[in-house]
């Protein structure tokens, strides 16, 4: 295994390890915790193998192709900065695993916790090891997701849920901004490879896209690192279990933003915008965080704001853009990790033991829990920047840098504010020490707190040792700081970390800080009272209000526009179509008309007038439903007549028969529906609809006119030429239907088949649902006619049935050569049967029906399909037809064509579908209490006389 | 001519009537047949994928009539992929429908399902404009049947709206096709591509109208603003497996847009120069916004998912709007992703809503196995909202990258990124209410566990498979994108398509 | 003649659009019927108009034929819209029977009758 | 066997004639084809014909048809005159109840049809048991005369055709 | 001469149709409307046959046959609807 | 010439009666009266047209055409039934039983009275 692939393994190990807790939790909590540590330890060891190389200043890297089209690869590299962070992440991670084992109560699902933790660890490792900014973005977003799970771990607590969502919202937003920024960077450089990008600092800074990229990336970094004004999410993330807080807010999550700024330092830093944005934001955040921290009573909140403050400090240092500031920042990253993680754990222990984290309700714990007190005090002192602890050294370095920084020609403002921050830093650190551990022992604890078992304080104790050690012997950290700072700056840095720099301005600033800090603590009670009265924007309240407003607005927009008002949806469709159509037309044009208009015989005017009148009647009287159907019939008739006149006899036949069957269906349905439509639309809406309608009608008419007056060459010359030769039929329309475009027709009969199925299925569902009850309770009009199956009708339809069937057969057979065909024939036979059904009732007629409609459709579709498939046998494509002539002397030749079989399929499907629809509607009617009959007519008078005859004979 | 090309249409078309009429009283038999048919379809589509590996455009001349006079089927990388996608989604959905007994809540589920597959595959394979209409109708009418499967008041009303909207769309489709035929005299896509390129822009009035009207039609299917309104109501009230299957329906619209506006009205066509993109782009941006706002503002889980679908279509079409080979390729990647993402969530929502008894986004006592469903929801949400490590994130990056050279890049980026954020927030809120807040309520889980048996593995297969697809899409993004880029290049090779379709027979004519 | 046909298409379309914008299912169905008439004639007209020239081949005389292709397309369209109308009618009927109202619009009450606002403050 | 294949020979013949009317061409092939349909269609539709009409006297039937046709022509002119030249208020419409003696449904139907097709009268309704027919006269002064004419001119003949 | 007669026939039946449309519009009863529609159908049949004579072709014959058939069915259905509500019982 | 006169006569006759039928539909003032009018259009109207058509094809085109008879049969068969239904529709909607003469049998008119053996067989 080469060195590089070890890196990939390091990055992947925590993710693989995330499966471990789920498996091991069944073996007990100790086993779970132990085995969870294994991947972390392994990763740490693997990382360790790379340390020598990195310390030599080498960069270990590996690349696995992933999505080359995008420039995304699974590339990892390890330099000083990466090593620093990876070490922190894994090292502290290990401590957290240990700490959490003892911290979590037996009610908490430990397996879940460790899984989340390892996922998070993996995501963090990924960020710091990525050598591809897109890969980095992936891990970046993964930290948001996994931290969401960790913060919301106690999901039954509203704070947990809200804190998690807030963190996700803010960091997620930042992440998305960063995506934009990173993509821009990649585009400037032409590569998403981090190494390539880092080498192109000049190019980037010179680019016109530098500012957008900078801002977007900084938004990402600032949100993650809780910089002002995005700092507010961090304290609310404290709802997480303390191990999570310790991990996320000392070494990892929040440091991701710092890491990113450090990583991008060579390409982004050193410009004016960078300085003013980053340094200023850091400065403000540092001061603000420190001030707020002083007034927080919740231990974890106090630590959270202190974290905000320290992150500000780091940001400010990176913002300065100098080598020395970077060194200070790198060193402080290490120091902050050591004391802050320990402090969080301490706070957790206190909470665990005293059952409160409220500073006001704590005190005197030094006597009750001495070990904890020692740990807490040392680390808090370090946080305050007390000599000789590690916090002191890096704070001095910071103050030193601040002292030299000129902000907008002003040499004072940065040092003064930095000192102010330091003052408050001292104050809250002291408050942590004195108000928790100091003071008299309180007797109002629910149970007496005492030092926890070793397992719980082992981790913070170890960190405390580090705090002291680094403070005393800072040169121990020097190699690491060197390689890290080299990596950040891309230059050779030579940090000399020492405890004592002599009496420098920084030292004086420190002294002031301690003095003022002490005073602040003494005055804390009074200040607190003032603070409480100050108007403070409560970030959470604002965030919640904004969110609620957003949600409410979104709700209003989404529900308001998707409110189920169909007529508006349709109106929009119509208006949009007219608009885009008109735009398309009028931004272009048409050639001059080429066709002479056909003359209009007077009879055509009759048709036109009838059609317009009927349309007007339908529209104006649509509320009278039955009546409108009669009007519709006129339209159908006129159109059929028009088709006849305009040389489309097939269309006329089809139109008129479909029209009739449709009207039947509508009448059958109208039986159940209200007979009138209530007047609901306001005049305004009617007017609006009328305008839309007229515009639509006008547009369509204009469009039709545009092409009706112009010629075009059509492919149908081929159809005319080959219909007889190739398709064996003289009715070109029919040959197109069953042959040239038989595939369309195949689809079309399937549509009919599906319609039949759907209707049948729907009927079936209706007869089971609430509709069934409504149907059963249906009342019939008392004054409806008493004759259901009048004698005359029965006799007439009986006589007509065979005629109609002959007509159907005739139309079917001639279709290939003359107007007609399977479809019309199917409808004709349907209509013939329909007459029978109307005359004698559905039940009587149905009893005489031999073929089930279901299977008729099925056979139709299958026959049509098999006719098509049959062509395969001849090695021809689907639906290839064949035809020929049979000669039976003395009969004239008889044509056969496979297209006829196809047409038979059409015929069966049509017949089956229509009849199945009727059947379904009739079944509903019968369900509604309609009685059925088994005699063909209401009364047969000849049977009376036959009866009389019998009676007479009987007598 | 390779007869396998038509198999994805003929197989379900012959199977469906057999299921409907022979097996209609035996649900078990119907299930076996349906599953067997779908698996065969998947196998065939894999086979088709190997056919197109040669980079050729394969043409199937129905009825042995020469193009452009008969109807042709055209198999290229894109159509092969779409058919494969359909069959894979179908397997997932079918499995779920059977495992959850959804198929037995009404009649003819399997027959309608097969017909639906037939329609979808037919639409992907056809090389004829009017035949596209026919297959749109086949898939639509089957979807009407599936939409109202099982019946019920709200579903029928929503179904009615769905039908009405699509009938309006079909009418518009015919108007558009009429205008197209009126100005070109042909229906074959390849032939259209030729004819359209011959027409000077100043005489292309009717043709341009047909181009934009077709866009409206496809926009309805693809749920593009301002004709997306129907989607939330429909998807939210459809039977969940059907809603999951509908994930492919929006893609049919997207496919039609991609096919039509690269081949027939491609960016190189003088007559419609820039016309299409100039509408698709703003519409997509608004669609992204509508989706995101809807997710955030939804009061119920199913509409929320439906809005997420709307948003994803916006993102997809934003990529398409660029009409460059690169952007279409990434759009196709997003298409693959969003299909399975939507399916996963709708199937999952089905399981949750069935157990919860309501899809209101309000805290209710936790369902049995709350944690399990929460985990699935979390992963599904990651998929839909486009977070790593699933394919949505890569898709998002690809789309952002794909449109970077467009003049409207900033708008597109803003829409996608802000849209993502809003969607993430919406999903976080929803998940937190449904799965987390509920745990604060009485410990009903224990109670529930007494009455409800733990969820069977079978019922989770569909969700798991969909999510696995997202993971696989992410893991093998490189090879997948490689294929899609080739598909996209082939798509833009108009003369290649035209030669393949018209060449062989076209020569005979002259 | 062209004006007659075009204006008839326009009138039918306008009537259809007006009706599909109504609030009850039945007028919407009527509107769909009008629209499908309109579109059928429109589609038919794309073959341009011709009198006494049905596309039925006459082997004995040299006559002109109208464009058969749009006619075939219209036939397909008619059949399809018939199937669609049938389904539409049935679904409208079903919705009416289930909901006891043939309003085409969805109302909030339809959407979520059972929802309470309690859990909104997440 | 003969009954099974050719249950209604006259009916089959009628269908053959109908077929020839449809194809409008008398050729050997068409006669054969028509003959085949003449056999098949009655078999298919037999269930819809529970009983079959027994026409007794074919000559009388022909006579009846001719009388009715003649009446139609004559009466048409009369009624056309009424419609065109008579003022509405001078048109005196009447309802007439015609009691029926024929009981065969076919006979009743033909009678009612005849009443309607011969202008001036419309058969509006039968009684529930089919024993009377309600006739509407467009313009008549003597309802009894109308009734008698119907009974004598048409019903009497029909009774002979359909005993 | 036949042509003139045909034009006369067209005019008569055409005017007849318009008159019936008027009746359909004005009603007043459903029976009037159905009756008028039925009369339109009959006029249409006559027109179709006359048109066939005019064009000298039998091609429109099926159309008139079909119109006759569907005209009857619609008339009965409309009446049955008013009479019974359900057209197929 | 004679042929032309003969054919023209029938066409004109048909036209006149067709028009009379439609005029009757407009002119007559009560529905039952109007019901009488279309009989003209059906019988002498369509009848005349059909005869003219047969004569035309026989005498002018020299081909025996007799399928017109089928339409005649059809119309003669259906027209009375249609009229019968329309009459009942009118009576049921607008007339009371008392306004009609009583039927002379045991049972009343069909729309008011149930048939003799009215069993509901489910």
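The chains carry the letters A, B, C, D, E and F, assigned in the order they are written, with residues numbered from 1 in each.
The criterion applied here is as follows: a contact is a pair of C-beta atoms (placed from the backbone, for glycine too) under 8 Å apart; a residue touches a chain by one contact, two chains touch by 3 or more.
Not measured: the values here are computed from a predicted model.
When chain centres are defined as mean Cα coordinates, A lies farthest from chain F. The chain with its C-alpha centre at the largest distance from the centre of chain E is A.
Between chain B and chain C, the centres computed from C-alpha atoms are 25 Å apart. Rounded to whole angstrom, the centroid-to-centroid distance between chain B and chain D, based on C-alpha atoms, equals 62 Å.
Separating the centre of chain A from that of chain D, both taken as means of CA atoms, is a distance of 73 Å. Multi-chain contact residues of chain D, defined as those touching 2 or more other chains: 18, 22-24, 112-113, 126, 128-129, 131.
Across the assembly, chain A contributes 161, 559, 564, 566, 570, 574, 645, 649, 670, 700, 707, 714-716, 719, 740-741, 744, 748, 751, 754-755, 758, 762, 765-766, 769-771, 784-787, 790, 792-793, 796, 800, 803, 807, 818-819, 921, 931-933, 938-939, 944 as residues in contact with two or more other chains. In chain B, the residues that touch at least two other chains are 130, 134, 137, 141, 144-145, 148, 151-153, 161, 164, 168, 175, 179, 181-182, 187, 233, 299, 429, 432, 437.
On chain F, the positions that touch chain A within their shared complex are 70, 73-74, 77-78, 80-81, 84-85, 88, 92, 110-118, 120-122.
Note for the complex: chain D touches chain A at residues 11, 14-15, 18-19, 22-23, 27-29, 32, 37, 41-42, 44-45, 47-50, 100, 103-106, 108-109, 112-113, 126, 128-131.
Residue ranges on chain A touching chain B, taken from their complex, read 65-72, 109, 112, 134, 137-139, 141-142, 144-145, 148-149, 152, 155-158, 160-161, 164-165, 168-169, 172-173, 176-177, 179-180, 183, 187, 547, 550-559, 561-562, 564, 566, 568-570, 572-574, 576-577, 580-581, 583-585, 587-591, 700, 703, 706-707, 712-716, 718-719, 722, 726, 739-744, 746-748, 750-751, 753-755, 757-758, 760-762, 764-766, 768-771, 854-855, 857-859, 861-862, 865-866, 868-869, 871-872, 876-881. Residues 161, 559, 563-567, 570-571, 574, 595, 597-600, 604-605, 608, 611-612, 615-616, 618-619, 622-623, 625, 628, 632, 635-636, 639, 642-643, 645-651, 654-655, 658, 661-662, 665-666, 669-670, 672-674, 677-678, 680-681, 689-690, 692-694, 696-698, 700-702, 704-705, 707-709, 711, 714-716, 719-720, 723-724, 730-733, 736-737, 740-741, 744-745, 748-749, 751-752, 754-755, 758-759, 762-763, 765-766, 769-771, 774-775, 817-819, 823, 910, 913, 917, 920-921, 924 of chain A touch chain C in their complex. Across the complex, chain F is touched by residues 783-787, 790, 792-793, 796, 799-800, 803, 931-934, 938-939, 944 of chain A.
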